[in-house]
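Taking it in order: structure first as structure tokens, then the write-up.
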Amino acid sequence: MPWSLTPPHPSSWQVLLNLALAEDIGPADVTSQLTIASDANGHARIEARQALVACGLFVAQEVFRRVDPQIAIEPCCAEADELEAGQILMRLQGGLHGILAGERTALNFLARLCGIATLTRRYVREIEGTGSQIVDTRKTLPGWRVLDKFAVLAGGGTNHRFALYDGILLKDNHIAAAGGVKAAVEMALARAPAGLRVQVEVESAAEAEAACQAGADFLLIDNRTPEEVRDIVQRCGERALLEVSGGITLENLRQYAQSGVARIAIGAITHSAPACDIALELDDRVAC
Amino acid sequence: MPWSLTPPHPSSWQVLLNLALAEDIGPADVTSQLTIASDANGHARIEARQALVACGLFVAQEVFRRVDPQIAIEPCCAEADELEAGQILMRLQGGLHGILAGERTALNFLARLCGIATLTRRYVREIEGTGSQIVDTRKTLPGWRVLDKFAVLAGGGTNHRFALYDGILLKDNHIAAAGGVKAAVEMALARAPAGLRVQVEVESAAEAEAACQAGADFLLIDNRTPEEVRDIVQRCGERALLEVSGGITLENLRQYAQSGVARIAIGAITHSAPACDIALELDDRVAC
Amino acid sequence: MPWSLTPPHPSSWQVLLNLALAEDIGPADVTSQLTIASDANGHARIEARQALVACGLFVAQEVFRRVDPQIAIEPCCAEADELEAGQILMRLQGGLHGILAGERTALNFLARLCGIATLTRRYVREIEGTGSQIVDTRKTLPGWRVLDKFAVLAGGGTNHRFALYDGILLKDNHIAAAGGVKAAVEMALARAPAGLRVQVEVESAAEAEAACQAGADFLLIDNRTPEEVRDIVQRCGERALLEVSGGITLENLRQYAQSGVARIAIGAITHSAPACDIALELDDRVAC
Amino acid sequence: MPWSLTPPHPSSWQVLLNLALAEDIGPADVTSQLTIASDANGHARIEARQALVACGLFVAQEVFRRVDPQIAIEPCCAEADELEAGQILMRLQGGLHGILAGERTALNFLARLCGIATLTRRYVREIEGTGSQIVDTRKTLPGWRVLDKFAVLAGGGTNHRFALYDGILLKDNHIAAAGGVKAAVEMALARAPAGLRVQVEVESAAEAEAACQAGADFLLIDNRTPEEVRDIVQRCGERALLEVSGGITLENLRQYAQSGVARIAIGAITHSAPACDIALELDDRVAC
Amino acid sequence: MPWSLTPPHPSSWQVLLNLALAEDIGPADVTSQLTIASDANGHARIEARQALVACGLFVAQEVFRRVDPQIAIEPCCAEADELEAGQILMRLQGGLHGILAGERTALNFLARLCGIATLTRRYVREIEGTGSQIVDTRKTLPGWRVLDKFAVLAGGGTNHRFALYDGILLKDNHIAAAGGVKAAVEMALARAPAGLRVQVEVESAAEAEAACQAGADFLLIDNRTPEEVRDIVQRCGERALLEVSGGITLENLRQYAQSGVARIAIGAITHSAPACDIALELDDRVAC
Amino acid sequence: MPWSLTPPHPSSWQVLLNLALAEDIGPADVTSQLTIASDANGHARIEARQALVACGLFVAQEVFRRVDPQIAIEPCCAEADELEAGQILMRLQGGLHGILAGERTALNFLARLCGIATLTRRYVREIEGTGSQIVDTRKTLPGWRVLDKFAVLAGGGTNHRFALYDGILLKDNHIAAAGGVKAAVEMALARAPAGLRVQVEVESAAEAEAACQAGADFLLIDNRTPEEVRDIVQRCGERALLEVSGGITLENLRQYAQSGVARIAIGAITHSAPACDIALELDDRVAC
């Protein structure tokens, strides 16, 4: 695991957290107010109910800090750890009103972030030893970009650009508007910010060749078979960093990786990761 | 379809939209600035690449209105419509910079909301004729509660409570804190706001009986087999509205519905709906 | 007093607090800067200058925490306590600049919230022994809904729905649009969220009958005399929860309560509660 | 009426408006969705049910613009107009869902702002011909400062400082901290921003004298009888602008005004103004 | 230095701080993540690289508190202190990731605020002994009003009004609209809030005379030579507070001051102050 | 001029605009209310009082749209145009209250943005024909990053990275933490996001050599003389993109450019650009 798996800066996800707390709690948790004394205390554990890759503990902690700063929180694993069903992500001790008010929001964050990390890890494992990397896309959930991309890192994947502002990717529409691959690449290289590399989407070996000849050193091969990708790797692999996307599933993933392509972009790890099954249980306190 | 499928009030989703635009566009779409003239115009269509239930067009429209108020937007279907692969959700005409800047954010919203609506519809279809309803849960994505719940409606499902403030659900922890089903139900009924109904989670026929005898008329049967549910329906179905949750899949769904239970709660329709495949294509304008 | 008089979750009133501090303090308290050394310290007490029901201490505390986190704050009574003129609500110790900067904002919050609680308590006392409850309305001050409703609880009143989203109340316009009481009730019952009870506004015994026959079990009798209310109670009181509103004053309140109606809704407790007289005095410290 | 009764700049009250809409509508108006077709239209009037001074039409208009920009709004009177019971403040035409969603928020704003304007007008009328002015205080509702103060203007009153940043008022605590009236006035005059006048609170003729001798030309006489005020007016009225506050009611108001004091500060016009009775009725359209 | 150089209340500059952190850090500091262990610690000093007047330490401290609350911060000078090149403003100890993430934002705040304070001090020194004051204008940077004005105080200058709401300044356009100096002054004096003084812009001795005769006691002499100003001082200096603005540079500043004018307004101290050269260096800890 | 000088997306500068309007206008423009009829109309022009490069018209337009949507706005030049003293940037027609309320905020934005563009243009002109580019830094004003960087483009300069998230720059502290240039470059290249280029700060020819040998192709030469820069250009200019910073003034700028270095980074164009002299005048309407 990378030694610098630093959670994103809070200012980049606190507005989402505010939204989440407001939408689930609002003025009051009516049920708890009716049935639980306001000074009742307890211990709780957040528990994996399936094997998963842990992710999002920093958000879950902040959820509970917000609903009740008196709740003591003890993380029982680290971001990116692999947990078995039954293992514990976090322990809580404090007022039951706060623990129950934060429960669903915390679990909803964890379920998605562990879900992405776990699915990413599965893709990463599938291509182990091939030298290829699993890369994410901008197909993240609106409002969740930085969290989704952090979960990809936790899963062992690699982040593509965050947004339209921090990366250049010439896609079909840009190429068409510019008048072809050659023109688009030349325009982009001539005027691109020096710190950003120009990546070009290509849909054939011919386009890949044209892009390289125009000076591109970073290609995105879109919607090609593993064989076609292998062909482009052989032609351009020494001149350019090659990435592939489109039509890739867990079934054909390894074939793509074995083509020699450096990066495999998978939208599904963020747009379609199923939630992990995680639950909060009130319990008697035992050691982590 | 309900004649009142009104999109949620914009003030309930505009903060999420602001987040989404800021995170994907930020100061600038560098690629378009490098390759497309700032006054270039075009037509685009947003197209289903799979069969799906349309949902979220009102958000997608607002995305494009925000990036460029000059873009003309023409929806080509209604919320909750069933579309085949190849059918068009929306047409756009206007500046390419705006269309491309809004593309990913609009598609990400649509892909999730159509995803939820489509999956919900599948569950709803599966139990057609049984008289049961598919009900959602609070397992929505943080920040997305109102949108996720609207997509459930579009899919033909029924909304459970929105949040902790607008519904009462006595779960295991409340029951334990109150000292048992009977005590919890009595406490809740005695003091509940008059406009809110008290729902009680039960895990056995005995608990269901106890809840009904304590006055509850709305139960949530958690983690029981279809047979156990059928048994509870027979005992309590005339005294209480019955809902079931836990361990229900598309495979066993119809069995649960045939138990006679009125409502079937499915967390997966919001927490694990895969994104629909939807794309924006630049094109020559043809009629809807 | 209810053992669960929990102040509303801070996320539901902090935006109002931010507004309040910004509007009264802005960049600086010019007067204090001109006349008081920036390191001057002192003790202060917040004192009732009339008999009142205490309410809003949690907001006042947060006001002072915001202007100067170093100020030590000691509440001297609990929410919902009855105080005599001269009794103390809260003591403060710390920098005079902060105490004086927060003074007016804290007092303005307290004066209104104690005002509502005190007026509510007066209504509650007036009908003691009748079994009726005093219920609030949505006639709260814009921006203050959760605080105003908490003050009603502190006064001994009961909250009606918080908002349009957490309760169903068929009023004259809905009934007219639906084509009459029967149609409106049937439409609402057929499609209402299961967790929300349908309340129907009626203006005569005939309408009350019609509503009950259509299935309603929660009525709001609007603008009737105590005698008319008594008549409706006798006809429908066993079939439905009855609430009354309109034209009710402290003078005729007990007559309404003696009609046997369960709930009496009073807009005035939130829309027209006079402020309580509360002051902050600098002093020498004595025990609470 | 002043020819420049300009409503406060929207940026100074839009956050409060946002809060108000969110708290009352949230995701949806459940009742209207159940009973009224989403394309149903109608006409409505907002009507005075008591004699009142109109105030806040600009806010009410913005409420309806926000819930549905298609609603046509026609104000039927101007800010500060005196209306009889039965007269109309505003007419609306458009979607019923929007009109009913905005109804309560708009009425709540109007009821308070008309309430303040109406009460202020009553105080102003009471002292007609005396030459004194009715002045407000900072005892406004938190979050409402600019609206409350505008309503005072609409009632014919005069605004005191808005906040701690735009006026200097040496009160007892400042005077004590500075070491007496003389020292406080001298410190303040020596260092006050040139554009702000120094006002000094005094509680006796002796203090008034001391303040004037120290250079003050603007006094606030606190908690004195009309006779005492008259005495101070005779001693200092030519050297300083005199304002009086504390213990003033509609009953003794005219006595204070006849003392010759220039300004009479009344906290009650903002902190305790009862709401005006104003209602929205659906109707058939007739001319204003 | 004034003993009440109190930094502006945080609520008046925290939105700007939030903007600043978000724009510079966003989700992550990529470079530090690539090259520095996430648990690496260090000491740093913020150092003047030129002679300057210190200003803005309270903002810089808050920057580091936000990026990492664990960083220990030790200010080594006070607001308004004069520092030589090489002297230290502040020392930090803690995580390198946080120190480096906050570095640029903190320095950018300090560089501008020290820049304003330093330039202001230079103007103040230039007129030492003349009795005139250096006054700022509303030509501050949008978003920075309260910080810029605080830096003027730190430099030894005097604040003019903060904004359009807390001061009255009749300028050419107001005078033209009102129909001349006399009419404008009389209108303003008749209706001005009692706590605000009326200042009038004049462009000749004749206008100054007219303004004084109409009752003005605070003039702004715009765009006149030192001789013309001296003439107006002799005519009106005893009747009115005189301020001068327009065309004043460090070269002719003393001439203006020697005219006897009380206040000299300089836009350049806020709109054109060059940044001070200030750097953050990692170091071994030594005493302040 | 670049044909894609697109103003930054409004969502990236509207919070700053909100701050600016609130801080200058607040509840009201007192002076205009006292002296100008609320329905008075007029024409105004915004005029350059010095030769300048126009920048920021899009912000100024939005200022006036916000204060009064009825004001007609006609820009009279384009972003990046060179104007002589006396030329007009923009004409306005509409309510005087709005024009005067927006005046100072609009001018303050324009004065800074034209100031940056004008100073940048001067640097760009100074090195014309050398092939070097003028590059900005992160020494922009907090809150103003996207606007300041746009003004650099308008001046003919080139943007360096926007923030810590969209570029990699190994500076002295990163190199020290990593254990030297070689280690730092290798670490960064091994793990850097593929779309971002690694730039390395070097302070000698030896370090430049080391960086290139470690694989860096983008250097920042800090604080060297033109001769030293020329030496590094000769050694590494073919292997790496070279940028220089530190100690560069308008006087020695051309010497640096003549060294053959590709990019010259100038902090002063954003941190110390003096404001341009721009004024708003009420006038009789004439053609642009």
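As written, the chain order gives the labels A, B, C, D, E and F, with residue 1 at the start of each chain.
We take it that a residue touches a chain if its C-beta (ideal position, glycine included) is under 8 Å from a C-beta of that chain, and two chains touch if they have at least 3 such contacts.
These numbers were taken from a predicted model, which means no experiment stands behind them.
Colleague: Hey, what chains does subunit A share as contacts with subunit C?
Modeller: B, E
Colleague: Which whole number of Å gives the spacing of the CA centres of subunit B and subunit F?
Modeller: The separation of the two C-alpha centroids amounts to 45 Å.
Colleague: Can you check how far apart subunit D and subunit E are, centre to centre, with Cα atoms defining each centre and the answer in Å?
Modeller: Chain centres of subunit D and subunit E, defined by C-alpha means, are spaced 34 Å apart.
Colleague: Please work out the Cα centroid separation of subunit C and subunit F, and write it as a whole number of Å.
Modeller: Taking the average C-alpha coordinate of subunit C and of subunit F, the gap between them is 53 Å.
Colleague: Need the CA-centroid distance for the pair subunit A / subunit B, whole Å please.
Modeller: A distance of 22 Å separates the two centres.
Colleague: Which positions in subunit C touch two or more other chains at once?
Modeller: Counting only residues that touch two or more other chains, subunit C contributes 25-28, 34, 36-37, 101, 145-146, 162, 165-169, 191, 193, 196.
Colleague: According to the definition already given, which pairs of chains are in contact?
Modeller: A-B, A-C, A-E, A-F, B-C, B-D, B-F, C-D, C-E, D-E, D-F, E-F
Colleague: Spell out the residues on subunit F that touch subunit E in their complex, using ranges where they run on.
Modeller: 15-17, 19-20, 23-32, 34-37, 40, 96, 100-101, 104-105, 107-109, 111-112, 115, 138-146, 162-171, 173-178, 184, 187-188, 191-193, 196, 267-268, 271-272, 274-275, 282
Colleague: Please output the residues of subunit C touching subunit A within their complex, sorted ascending.
Modeller: For this pair, the touching residues of subunit C are 3-6, 8-9, 11-12, 145-146, 149, 162.
Colleague: Report the residues of subunit D in contact with subunit E in the complex, numbered from low to high.
Modeller: Residues 2, 158-162, 165-169, 191, 193-197, 199, 218, 241, 243, 263.
Colleague: Report the residues of subunit E in contact with subunit A in the complex, numbered from low to high.
Modeller: 18, 21-22, 25-28, 33-34, 36-38, 66-67, 97, 101
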